[in-house]
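First chain A sits with chain B, and in the next complex the same chain sits with chain C.
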Partner chain A sequence: MESLLSDVTVLDLTQAVAGPYCAKLLADYGAEVIKIERPGTGDVARRIGPFPNDVPHSEKSGVFLALNTNKKSVTVNLKTETGRRILRDLVPQVDILLESYRPGVMAKWGFGFDDVRRIKPDIVVTSISSFGQWGPYRDYEMTELIAYAMGVGMHCTGVPDREPLKLAGTATLFQAGNTAAVAAIGAYFGSQADGVGQHVDYSIMEGQASSVDRNGASLMAMAYAGEPTFRRAFGRRFSVLPFGAYPCADGYAHFTSAQQAWWPIFCSMIGMPELSEDPRYTGENFQNLDLAEEIDELFLPWILSHAKREIMELCNEIAGSPINTMEDLFADPHFRQREFFVEVDHPAAGPMEYPGPPFRPAATPWKKGRAPLLGEHNEEVLTGRLGFTRTDLVKLARMGVI
Partner chain B sequence: MARLPLHGIRVLDFTVVWAGPWASMLLGDLGAEVIRVESINRADQVSRGAPRPSPTILEQARGAYYVDRTPGERPWNRYGYFNFPGRSKCSITLDLTRPDGLEAVLRLAAVSDVLLDNNRTSTLARFGITYEAMRAVRPDIVYLAMPAFGTTGPYARYRGFGANTEAIVGHTWLRGYPDADPSMTYVIFHADAAAGVSAAFALIAALHYRRRTGVGQFIDMSQAENMVHHLTPAFMDYSMNRRSQESIGNRHVSIAPQGVYRCLGEDDWVAISVRSNAEWHSLCRAIGQPSLASDPRFGTTSNRIRNHDELDRILSAWAQDKDKYAVMETLQAAGVPSGPVIAYQDAHYDPHLHARGFFELVSEPEAGIHLHPGRGFRFSETPLHVRSPAPTLGQHNDYLYRDLMGYSDGDYQRLVDEQQIGEVYVGAAAQ
Partner chain C sequence: MTKFPLENLRVINFGWVWAAPVLGHTLGDMGAQVIKIETRKRPDVIRFLPPSIHEDYPLESLYAANTFRDLLGVTLDLTTDKGQELARDMVRSADVVIENFTPGTVKRYGLDYDAVKSLRPDVIMISLSAAGQDGPSAKIATYGNIISCLGGLDVHQGYIGDSRPTTYGTSIPDPMMGILGAFAVLSALRYRARTGKGQYIDLSQWEACATTLGGPIMDYVFNGRIQYPKGNRDDLMAPHGVYRCKGKDNWVTIAVKTEDEWRGLCDAMERPDLADDERFGDTYSRQTNHDEMDGIITRWTSTLTHRQVTRQLQRAGIAAFPALSAKEAFDDPHFNARGDWVEMDHPLGKEVIYGIPWKLSKTPGGIQRPATMMGQYNRFVYGEILGRTEAEIDAMEADKVLY
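Then we have the complex of A and B:
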């Protein structure tokens, strides 16, 4: 069965997290993604944990396995002239080229946008970099923490008297990869109509600074009222209804309640329907935050006597949810029933569950697949696409090219 | 010059709050004509604000999202929550509780390519807006529904904001202060940001498929499932090792030191990450404490992870009397990843964002001229920009009803008289 992008071919020169997530989205929805890896070591993500039983192995990195599903791995040493020759020969065969080298490296190797466009006029080159292809910070070092810190939103994330707090794991880089995928597929869509190629300069810092979740809108507050948004502004409730995290019988639960229409639902839920019309908490008083503690005193006995799973059932009408651990998530009946966790086998790492489709197009299925072994597709791609013989491949390997 | 990539694509936008409007904003910036469908009698209060904000709201943090904290006569047109993602769109008003409302939607759908909906699963269906009904008038429409938990399964009809989906998939648990109660974990809405870009990607990919095959389709997106991908390292750890990770705050599982340290200034901070022994040695020299490089407590990554508290004390003591930008310059000159925690008051003056022209000057009909954030990507051949300011409520009624859908003068006037078309919420004062 055809997938959304079955006719698209991608040359993927990215590594770590952001670029590979971008390429994964293309691959899982049908594109043929040829991932170029450095001979011997491969993508740096192959060395990032978690590993089964914490034993590092270049074919068993959980991050690499999940981020590189459905891709083909070809090892090419781009520091050699022959390696670059292979890359040059692949360019005319692809629609989208993704790269995450430091700005300037591609041009140095003869693969600047103008060079590539000369080989393939309607190609879309998407460069994913920390700060963009030019500008004062261009050559600065970045990690996921730095990306979040310089992406503006972090300053109002966390508790007022403490240090600002980052997202879990490498979420910022996943966000960058997905946003870059919007740019790449958008530019490709345009190039198909007009036959005009495009160079996309994706800056992780700017992608974060222009995103939602406090960045864009709070930058508007700065421009509109000259007022920065502080950490205390978020996480504070907007009304007497519960907001934020609360303890419950077996852990914690989260509430995003603020609508006046939900007040009677809340009152019935905690067994106090008589408060529904009580003028102490309704009308203008609904937004009186001085009453928050009073309400919490009524609410705490109820919530402390309910478990996380019950809260999912009982509180969803007022946007209440359990604060789950990974263990809870894996046991959750909703995700199970939707078959979101998909079991994928892998020749080195064995079978295990992976996250399933981020979205489900009804007519064109998401592809379940596995990550490639390092260089697994050398023969398929180099002989199939470029006409090398098996003897050539042996020679190339001996020369350290593949 | 080539046209914008999504030139000629029309999007019927039924989105509310954050995730959906963010998706349609990206489509609008890329050249699509985005029609934001707005109820004349029920405001999306998160986006447009309360039609008549109370003095309490105006005193709160939310008040600063109004231009000069002054809501004016039509507050919904002066609210930053809407005006940031509202850009590059137009606005139509209608009343879905009356037959004319659905009639207008069907006439719009007949000339649209995409319908985007991030309401709760049952909301639009109640008014007769379903994939089947839209497909009947536009067989190749691409219809994306992105409720919190997807359109099937036990939670299909459950209410949930970004913060709820994050709680359910484990992000809230994983991102707190490790030494504090989870109830100290302040609310964030990263799942909205995540779902918006994923939806935009899904729609463009589906439009590509439609151009190739002529086939439109329904797309089911669970914002919660989409968010799970952003937690891949913790997910795979559980999958492989049955280990349920706990929060480690700003630290990193496999490199050290990493943290956010207080600098000179009232609420100024700098982020520092050290990825290798070489970077650690550079850091020691850069902070003027070269002897630390040979201190066995910090000689290897695992030792630095073990003695992280001590490293935090050393870096805090060093950074506390320095400017956060100066710390970045010092450490970056030594090749050590670091950067200021850029606050809102800094962003407009940040040298890099300034040099790249990240902010764009936008003139809005009722909010005035201000700097708006640009976007994460730049196109070489079709430069992107804010194509139009956020629309005022119902600003494009005339164009959409008369020019696009061909309503007669008489029909249009009737809908105006019946308060189905307008630029002010019906019964606004009461809301």
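Then we have the complex of A and C:
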């Protein structure tokens, strides 16, 4: 079936999370993505897990399987001359090249932007790196922890007086992949228009700094006003209404309630409509934070006797929400009705449910597909695209090239 | 050579708050003409968030300065007949229409996809709603922080040992979903360039958020396991944490991947004895004794600033970096060397905003317009683009159609 990006071909030299998520977005919406993996071990994400029944297996890593759907895996050892020749021969056949090596590595192998552009003048090379291709910290060591620290997000996450907190999971890296995909496609538009290639230098920390969260987004606001960034306490609120994470009957719920107009709704919700116009809590007193404990005492019995699903229905009007676990997501009737989770079979991992489309184009649906086995498409790509014979492939494999 | 990849593209952005303007300005940064529809009856809440750029202009906050760049702001009351007529006129010339109202609202304004398509057959329309256009929770009202609670991000957010999440209290999904929306629109434009066909895109921010969970969701799929907050710890690295340094609210992050790096850290701390200490003999041991190790590391870091620790450790090839405050990031040499903070001439004075988070080799381009003020481009959009006369525009302003 025709997809959004059916006419786009991508050479993917990335691994782990950010680059593969970028390539996944392109692949799931129709681009042909040829993923180059290191012979033998492949993408480092193959070792990250989680694994079914906690048994490590390079073809069963959950992170790899989820991030590499619809891609073709070709194993190429770029440390060999023939490996590099394979890459050189593939370059003219693709529109976009993604890479996430340390700055300088591609050039060392003869694949700097100028080298690649000589092979294919209108190519878009998108480099995803920690700190960018140049600048004082270019060669610094980085992990996701550090990207979040540099991007200001960390300084405003957590509670006062305790250490700042990392963003949970790898959301920062997903966001990086997402932004890199926008940059790559935007540059591709440009190269289509004028036939001139482009090198996109995307750094994870700049992506963070420009969009982390409300405090980070106001980076300049803070700088102008001379206000420091700050972490919020659990209970810091703007009015007597509940704010922050509260325990409920079967987990936790979160409230961001602040508006005076919500007070009567809150009172009815907890079964005390008589408080709606009580001057102790309305008018000027609505913002009297000394009353917060008093309100929480009224609120806790109610919230503790309600389950997350009920809170979803009852508290939406006052910006209350369940804090969903993975179990909740899988059970959610809304997700079920929209068929968000999709079952995908995989030769090694078997049939499993995976998160589905991040957005749904009506005419050209998101492609449901699976991740490749290591080197699964060696023959298709190397024979089909480059004309190697099957005998060549056997030889190359024995020589450690593929 | 075209200067910007999206020149000659017109986008009508009915969306508001954060995600939709981010989608708009991302296309605007690439050269598209993005018209942002607003009404004084219910101004975009981003405009109110303090601090304000100028005390006489309460609707021009510094939050808006970052978010509303490269947008052409016009006022329009969509509840009036005349307002809807103008909206239809705009849509006729639009390549892309963006909206993020509660599902069903656009139909009331005569701006649902079928109506929009009848005005402009090859239009690309994207709805960035909370939960998608159908399903039992379609009409749920959310802010970004609710999306991250619903979408499964917040449940893992918190200090290790606390089952109660330390929710972000912020809106991480907003900028994420705005950028994702830009990817959706760009891809649909590619399809249109090939086939001549537009289409409708339903983006559920809740679902999109649930696609960014990575390991924890797959652990549930594979093993039925519910994960809890891990604080700053990591499954494969140790030490992996945020450590107090000298000075007020001064913190450094340190992440150690290998045994060599661990020995490097021990040397930096002038504690070579620790390299042979069996409590910390490998990653597994260090994870087991993480608290104890954190105490030792903090004794060292607290005698230095986060910059000093960073310099020392990075020199030894160990991942470390200060947890920058906004002010520190603003002054940081790397961000400044790369020109990440951009000075703009705003009508109310010079302002500095954050730049485009990627660099291009051939067409550097860049941000073209500072944040739009409320209704700043009424004359341009209604006059030059839609061909209304000065008198007509005056009349519509007086009638509060342009309001």
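FYI, the second predicted complex is superposed on the first by the 380 of 402 C-alpha atoms of A that agree within 3 Å, B and C clash if a C-alpha of one lies under 4 Å from a C-alpha of the other, contacts with A are read in each partner's own complex, and residues count from 1 in each chain.
Operating definition for what follows: a residue touches a chain if its C-beta (ideal position, glycine included) is under 8 Å from a C-beta of that chain, and two chains touch if they have at least 3 such contacts.
Here the structure is a predicted model, which means the values were calculated and not measured.
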Next item on the list: Determine, for the superposed arrangement built on chain A, whether chain B and chain C clash or fit.
Entry: clash
Notebook entry, point to check: Does the superposition put A:Pro351 against chain B (first), chain C (second), both, or neither?
Noted result: neither
Notebook entry, point to check: Where does A:Phe238 make contact in the superposed view: on chain B (first), on chain C (second), on both, or on neither?
Noted result: first
Checklist line | Partner chain in contact with A:Asn288 - chain B first, chain C second, else both or neither | finding: first
Next item on the list: Scan A:Pro279 for contacts with chain B and chain C and give back first, second, both or neither.
Entry: neither
Check: Touch check for A:Gly387: first (chain B), second (chain C), both, or neither?
Finding: neither
